[in-house]
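Chains here go by letter, A, B, C and D, matching the order in which they are written, and residues are numbered from 1 within each.
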Amino acid sequence: MTEIKGWSRPDMARRLAADIPEGWAVNLGIGLPTLVANHVPLDREVIFHSENGVLGVGPAPAPGQEDPWMINAGKQLITLRPGASLMGQADSFAVIRGRHLDLAVLGGYQVATNGDFANWSTGRAGEAPAVGGAMDLGAGAKQVWVLMEHVAKDGAAKLVESCSYPLTARGSVTRVYTDLAVVDVTPSGFLLRECAPGVSRADVQAVTGAPLA
Amino acid sequence: MTEIKGWSRPDMARRLAADIPEGWAVNLGIGLPTLVANHVPLDREVIFHSENGVLGVGPAPAPGQEDPWMINAGKQLITLRPGASLMGQADSFAVIRGRHLDLAVLGGYQVATNGDFANWSTGRAGEAPAVGGAMDLGAGAKQVWVLMEHVAKDGAAKLVESCSYPLTARGSVTRVYTDLAVVDVTPSGFLLRECAPGVSRADVQAVTGAPLA
Amino acid sequence: MIDKFVPSVEAALDGIGDGASLMIGGFGTVGQPDILVDGLIARGLRGLVVIANNAGGDFGGLPKLIEQGAIAKVICSYPRATGKTAFDALLAAGKIELEIVPQGTLAERIRAAGVGVPAFYTPTAAGTALAMGKETRMINGQESVLEYALDADFALVQAWEADRWGNLTYRGTGRNFNPIMAAAARVTIATAHHARPLGALDPEHVMTPGLFVQRVFVAGSAP
Amino acid sequence: MIDKFVPSVEAALDGIGDGASLMIGGFGTVGQPDILVDGLIARGLRGLVVIANNAGGDFGGLPKLIEQGAIAKVICSYPRATGKTAFDALLAAGKIELEIVPQGTLAERIRAAGVGVPAFYTPTAAGTALAMGKETRMINGQESVLEYALDADFALVQAWEADRWGNLTYRGTGRNFNPIMAAAARVTIATAHHARPLGALDPEHVMTPGLFVQRVFVAGSAP
């Protein structure tokens, strides 16, 4: 099998960011999803939520402007944008669990054709599992988009018929953005919406663990 | 039966106020219980709670000093004392229901020997019942003291073997202050602690619907 | 640009039709969105379900809405005024339905809807007439009543300040039911005393994040 | 006169003994009561149950408390550090018990204890390993998991300002778990950066009413 080269990680974040409309409230998971914010211009008003208690996360602080009291859920220093608000944990998770978030963008180990996904535990013994807010986001956001590599490091498909890793939430993923493609999760399964430049439908299907409509 | 004259209404409030130690957080019900605050000197720091969202209610405002945004649960204008805090309804009832109040002082229709009490509805048809925060206070405060006339206007006993009016809460009253006496509600029933001046134990027993120990 | 300010009461109330469920903030006269309730009267509605703590009270526009026959059902804790009201007459005549809820349970049920808790247990009202027919269970030796989240199509709230994102502050005891109602309704309509530029409200002191608010009407002042 | 200020960390921690359950505020390094956790280490305790969101993290004093063998059980959402920690080793050796709880469920369970809700339902974690063995029911067509209130003997919280009644404010994202933990413990011990005279805190902006706080320690500054 030849190596297929699709979008870079910044490209993936940029591609997803293009689909976020003005006015949405969006939570970005730790890691790759956090990069999405860099690709939403400040004049397109998207309200980024961080589950440690921020609505209206702004760009990273300029050197010398850091406030050690202002961090995001990934423990990175942040700024607030005008219109931001701060809150405690119960209120911050009320935003998530009360279905007030338009979108959560999360990393993933696996996404299944029925919208189930797994992103919190490999289930391996001897590894402390760490769930954080993933299950709350998975169950509570109006939409969940997963942003991940199309294929695992060991070559295994990550878009699958059914998840083998412990689930984060059932039936909640509506779209997956990978290095190779944009795939909708529909009532009838995966629907290929777009391939990365230079990547064919056959290329994507070859590394996907379920049929692509 | 001769008319027994015990404490006046201000006397009843004063008598109860004397038993509130410094540092307690106390909710005073609408009506007669509200008078209790007048008899707690400001330098004995008692934190009065009003269920519409105030901890640290102060005295009534001086004429010309009224702030229409500051009312208590009886819709009377209030002031705040230094150390006060304001909150919404969920947080204000968290104070009550989370067992953070040392004491609720409530009016009563009836108190039973087992600590049940009734103060929200006569159960008469055609009268809109109005419960307000009475059931929350009855179930949530660490102690409930009832402040009421010893006998109903129609001559019926209000300290009874068991309540005939619809209950507010079960088993929560620990003490009753009336115009005639101070009565503890104990696991073995009513215990007469004190009579008003000029009132005898026999006088009190004669108008009480259950034995007084 | 997100801009939730609307130019009129009519625009604020757009879409509220017969049979809608409405939460109305306020405790007593403080924190009641009177200007919005008055606007409702002009709409000549029928069959409304109103969730408001003092729904039978004799202040603000609610009594007029009740007299008008717009309301089919009231969910509240304290439907009592100083004298007899139109509410009492309609209730006695069986023309209005009343669900009476302890004030703290009412607050917690409304909060639950806003935070995604579909049901919870509470010791309040256990063993009383207000728990009749409700499921209970013993938890830690205490009988607790199962209560369900209470949501609504619309919430009408009264704020002190607002910005164009819909961030709100409240004043004094005017906070009361307003923040929990704002989070519990599908469409939340706020009226505010003061419009503020975006960024003027201290992020630590915003009491309702704009996320919970769809429309803001500020009488007589431009943002 | 109510005066909750205490003169030392030792006085603040008085009464915390072997087997106590402790809530510790903070998310990441922000809003953690480090000075109190360090004080715990000096007490040489055993058998503690610790409730803290990032209990396995590699910052602040908690890792030292874990290494010391003081902790029997951790209840948290995210016991993971950037590298391997003493926690991982003790967990693998079966010497520490771990109850992992989704972060929002953890927050809601702690809040529930403080507000007198003994149990509630949540859709979070339904159908996952973290709901295994838990009671569920369908509510509005959605499977929901029954979760119980989580209280503690002591809460250690980090505030920004405090007055002698124990009223607290928090700064920035340092609020996090602190207010709900303050309300959920039988004894709440706060450390604050600044002591304020009574009446100096704006009543509208007090974030934890003093009622929930038993002791306040302010390092290096007198009230």
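Throughout what follows, a contact is a pair of C-beta atoms (placed from the backbone, for glycine too) under 8 Å apart; a residue touches a chain by one contact, two chains touch by 3 or more.
This is a predicted model, so every value here is computed, not measured.
Chemist: Please give the intersection of the contact partners of subunit A with those of subunit D.
Modeler: Output, common partners of subunit A and subunit D: C.
Chemist: Counting C-beta pairs in contact, does B-C beat B-D or the other way around?
Modeler: B-C
Chemist: Averaging over Cα atoms per chain, report the distance between subunit B and subunit C in Å.
Modeler: For subunit B versus subunit C, the centre distance works out to 29 Å.
Chemist: Averaging over Cα atoms per chain, report the distance between subunit B and subunit D in Å.
Modeler: Subunit B and subunit D have C-alpha centres separated by 35 Å.
Chemist: I'd like the Å distance between the centres of subunit C and subunit D, where a centre is the mean of that chain's Cα atoms.
Modeler: Here the centre of subunit D sits 33 Å away from the centre of subunit C.
Chemist: Report, in whole Å, the distance between the mean C-alpha point of subunit A and the mean C-alpha point of subunit B.
Modeler: Distance between chain centres: 55 Å.
Chemist: Which parts of subunit A, given as residue numbers and ranges, touch two or more other chains?
Modeler: 86-87, 90, 93, 96-97, 140
Chemist: Can you list the subunit C residues in contact with two or more other chains?
Modeler: Within subunit C, residues 108, 115-117, 122-124, 171-172, 204 contact more than one other chain.
Chemist: If you go through all the chains, which pairs of them touch?
Modeler: A-C, A-D, B-C, B-D, C-D
Chemist: Which residues of subunit D touch subunit C once you look at their complex with the stated criterion?
Modeler: It is residues 108, 112, 115-124, 139-140, 142, 144, 148, 169, 171-172, 204-205 of subunit D that touch subunit C.
Chemist: In the complex, go through subunit C and note every residue touching subunit B.
Modeler: Answer in residue numbers: 27-30, 53, 56, 77-80, 87-88, 91-92, 98, 100-105, 107-108, 110-111, 122-130, 170-180, 207.
Chemist: Taking the touch rule as given, give the residues of subunit D at its contact with subunit B in the complex, in rising order.
Modeler: 1-2, 113-117, 163-165, 167, 183, 198-199, 201, 203-204, 206, 209-212
Chemist: Please give the residue numbers of subunit A that touch subunit D in the complex, ascending.
Modeler: Against subunit D, subunit A makes touches at 50-54, 67-71, 73, 75, 86-90, 92-93, 96-97, 121, 126-136, 139-140, 166-170.
Chemist: Going by the contact rule set out above, which residues of subunit B touch subunit D in the complex?
Modeler: It is residues 22-23, 25, 45, 47, 55-56, 80, 82-87, 90, 93-100, 140 of subunit B that touch subunit D.
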